[in-house]
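Two complexes are shown next, each including subunit A; its partner changes from subunit B in the first to subunit C in the second.
Up next is the complex of A and B:
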């Protein structure tokens, strides 16, 4: 219990530092007024512009010192209000924007992880049962190739082959389409994230399976007359699945970064592409909100993986 | 004193007895080989680095000239004897642009990982050696850095700072600090209580001497293997940023070229060479770095868990 309290306290402390750093960096290095008012913000000689600047400063709390502004932002953020966008009209509120876009990003990640798992498990089983034979060598070489391919490059290769040459899958995402065709449009982006992830999972699961297959209980099961297939699925796969779950969980965080590029390539209006747009517009509240959501998700996933792992393997608990 | 470097010392706490005077590197080379594929990768890396350095002096086409022929203004043409990788939609030579693009990618990759190794390595070694509150502060800073996805941090920083070559390289370097630092710290912790360090200390060596003469040689080897992998990561990250339009503003980059060749599916369909040649070169470079780094890591037997 004490251990978990410490872990949670650390997670909260971590998120606070992330938010302070992000908030501080953006307010010290960027000029938010320019994005709200446009060129007027630089026109300090004109009394009309000065009045507008004063008004905007009051409205967006920019006249208060940085720590006070941070305090206001934090108390609103915790209550679920992420503020207004730094644009001329400030509409829609950041919370609404995020609510609209987050389901797409989550769907993309879930689909990608499902695909990666479904590809990796049979692939690893096939490779491990033929360890060090040509099939296994080729599959290991393939994992190397997949991992070395940057996701934007893989996206373009898939677009070219599956979308343009074979015309199996749609090329772009359209937010106004019905749900089932949006799922179909999401297959290629999800595959772009899934293939390199599957390669990583395959490598780990294969190594793990090969070690497990050398254990005595496998020999025992085989000598009792259990078939090869059954030994592979029932006896060898199960113990290896624990570390597999951990890796899949932890890797979710890493995939968030990659999904930003993939969302942009396939024009999916999710969190990642919003982040890129907001960065280019210097729309700080949106950037801050997305960075915080991503960091929170990242920290929570890590915590969750630890919890699940300690349930599976009680030795972790101290 | 000079003979007290780690290489001349047997590691007495490992289970298998190792013959004295056989350091980790020498002992391993007898059993394992780097293999031919490793040297092919190194060969490719040397070639691409040389081509990148010499690009302005080589007898290749100018990367910014529009080679518009008679009649077809601005149309891109497929690979030919004249333009080996074809021309892009502004009729510029893709081969020459790919070589010039290597300059940005490789510089960013190298500067980023050099910065990461120097800063991260120093912080990691110091915190692994001195422990205490300094170690806690540094380790926490590493966790904070690692708690956003690297690309999110890179995107945020490029938005706030300018987009010059050196700034981009430093931003990616900051991202390398935490992973490199953690490896350096973990490796230092492994060695800090070894006999050869104690021996040096009991002979009166000060902290500075112990860190530089005893610890550094042991920490540098695993870091070098990570360095090649890290350079691959930095090159991919720069490509990603360029692809998003957030990398070096003026200049030719692989990511930017790939973006140009794929921004509309019509371009990709009609002139796939614009995107695919830079993709190929980028892929080979990243693959070579990954493969060589991986081989070095298993050659020097760096534990995966330490990463």
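Up next is the complex of A and C:
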């Protein structure tokens, strides 16, 4: 129990640290007043402007010290109130924006993980079964290339080949299209995230498979005349998946980061692109909300992995 | 909540930065439009300004010096689309339009509408007057617009029987409500208030008639009703939006399309108004997609994922022009790109320093390396085809010896503003943006013979704020180019110098004011032309602007879009179909 309490306390501490850093940075580096009022915020010689400045300060708690504002924000945030957007002309509350956008981001991540997994497993099987042969060497070079290639560069390449030249996949995402169309439009963005992830998974699984294929029980199976394919799928794959599954879980956090770029490049109105827009607008409440959601997701996934580890291997808890 | 909103949504990225900005404001007598640009000649205005880099190409496509064109364009870049004869419109379809950015709100009474904002507003609102193909302002929502003998009062009589999308009747009270809301808006009102009396700026005469009461005679006043000031929103909605700003996103007008949905920075959709007062609307819907990167926007258009787009990206122009499947409307007779100097702050409060900067400006390098041979060099706010063009005024530049001599004289008198015999100055531009940094470097190469230049690269909003508040030495900017030059008064008059100054260089010239007021009061075209030519000379002599290029606006459409320029008033007068990046959708239709 103590182990769990420690892990949860650490997670809460981490989230608090993230929130303090983000809140501090956004308030120190920018001028919230300008994002609300425009140049009126600097027109301090005009009594009308001064009145509006005072009104805005009061409404957005900008007349209070930073720690107090943080306290107010935190207490509202934990109750589900993420505030209103700063640079708004009556745009929806942050929670409405998040509710609208988060499903697309989740959809993108789920599709990307599924694709990465579906690509990585057969790819690793093919490479491991032909280890150190030309196929494996080419495969290794390809994985290095994919891992080294930045997301935005891969996105441009895929758009050019699959979208413009071959015209197999749509170039952009349209939020108002029917669900099946949106799934189809999400394929290329998901592939952009999935390919580098698949390369990482492939490297890991291939190594584990090669190790497994050298085990005695594999030799036994082969000596009993079990086909190579059956050995690979029925005997070698399953015991090799332990690390693979762990890394897939942990890598989800990294994929969230990658999705920010991909959403922007493919114009998917998800959390990532909203974060980029909000940072450029210095729309602090939106930035804070998205950073906290992403951080929470990351922490929760890591916590979940810890839980799984501790169940599988109780020694971790000691 | 009673707090005004910021004008425009910022555009991300490099292209972004190029972008505009502004405070878009409406002027009682002036106009302007877009974010990146400004001015729709006709209209009412907003202040949009922007670092002129907006029109500059992305650095990736910028040429090296050897690629500079040997000859520069001298003819107007004006291409349009003819009215379709004997066309058989097909109802249905959704037009997907690529905008250069999104805006914070679509409320003409409180939102600063940039070019994208005005594009969306054109779908949902109608204006009191509209500009015809000859450049005249003609009645549109209005049945008549009549001046008093002294042009101090203008009576607008509305057409009867027009209804807003919410079922409210269009009445004089609606016009008065819209105007007064604009007048009282702290930001939008900045461009309106200077031209109207403090009280009684508008009088309701009867259900369909109002009288605008001006501070000075203005014979060109109907032009002020062709842009943002001329949009008439539902008064019910205006009241509701004042109480709940969230409604600024859900506009209610009399236009050919009705609001359907809007997702910030993603898509805004308007659907057909089956009861439109001016005729049958063919499109089922218009969807606006903000695509901030011009290359991406172009790519989407060329690949059929958009049906239309707007751009000022010079690098896109050749591609659009060379593609036979694209219909283009190009126009470079609108806004200008220029270097702007703050005359209110030392050392540039001394005309010798402003002259020196002008002489030291490497204008030809800018034109070659940034204009890419597409944009024409600009000498003044008008293109050579304009009747207001003053042939005696040419933009000085590329004369470093003259700059050095002036600076030597200045530094001998006021050494506190100089170091090592050069004047210290700060050049402000928005960023981060590779192309703007490149522009800064190109300009610095020339200026450095007489100036110690410090770069001040700011986030776009801060850049605008500091410019509006006069907290800059020198920057790059874009504006001017209104349909009627009266609409550009707001940038040039003494009365718009203030805490927030729409006269950005903060240069007050009573002589210029006299000329501008005389010109707006005149009904004699020859006299007006002469007066505006004198204004051009006055602008030149003040040395507050170094004109660089005329900006090219492009509105491009795929070949299945029809009747782009088939736009008429109820009396059958053909109306202008584009203006500084804006188009209309009244009778547009699409085939499969």
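As a working rule, the second predicted complex is superposed on the first by the 312 of 318 C-alpha atoms of A that agree within 3 Å, B and C clash if a C-alpha of one lies under 4 Å from a C-alpha of the other, contacts with A are read in each partner's own complex, and residues count from 1 in each chain.
Methods note: a residue touches a chain if its C-beta (ideal position, glycine included) is under 8 Å from a C-beta of that chain, and two chains touch if they have at least 3 such contacts.
All values reported here derive from a predicted model rather than from experimental measurement.
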Joint occupancy of subunit A by subunit B and subunit C, clash or fit: clash
First, second, both or neither for A:95, with subunit B first and subunit C second: neither
Subunit B versus subunit C as contact partner of A:22, first or second or both or neither: first
Touched partner set for A:171, first subunit B, second subunit C, both or neither: both
Partner chain(s) touched by A:253 [first = subunit B, second = subunit C, both, neither]: first
Touched partner set for A:31, first subunit B, second subunit C, both or neither: second
Touching partner for A:117 - first (subunit B), second (subunit C), both, neither: neither
Touching partner for A:276 - first (subunit B), second (subunit C), both, neither: both
Contacts of A:157 with subunit B and subunit C, given as first, second, both or neither: first
Region of subunit B that runs into subunit C when the structures are aligned on their shared chain, from 62-70, 152-160 or 206-214: 62-70
Subunit C-contacting residues of subunit A that also contact subunit B: 159, 163-164, 171, 264, 276, 280, 282
Subunit A to subunit C touching residues, read off their complex: 31, 34-46, 48-49, 52, 55-56, 59, 87-92, 97, 100, 159, 163-164, 167, 170-172, 174-176, 264, 267, 269, 273-274, 276-277, 280-282
In the complex, subunit B residues that touch subunit A: 140, 143-144, 147-152, 155-161, 232, 236, 239-240, 243-246, 255, 258-259, 261-262, 265, 268-269, 272, 275-276, 279, 282-283, 286-287, 290-291
Subunit A - residues contacting subunit B, complex: 14-15, 17-18, 21-22, 25-26, 29-30, 144-145, 147-153, 156-157, 159-160, 163-164, 171, 253-254, 256-258, 260-261, 264-265, 275-276, 279-280, 282, 287, 290-291, 294-295, 298-299
Subunit C - residues contacting subunit A, complex: 1-7, 9-12, 16, 23, 103-105, 107, 110-112, 186-187, 241, 244-249, 261, 263-267, 269, 287, 289, 291, 296, 299-300, 303, 305, 459, 461-462, 464-466, 468-469, 471, 498-500
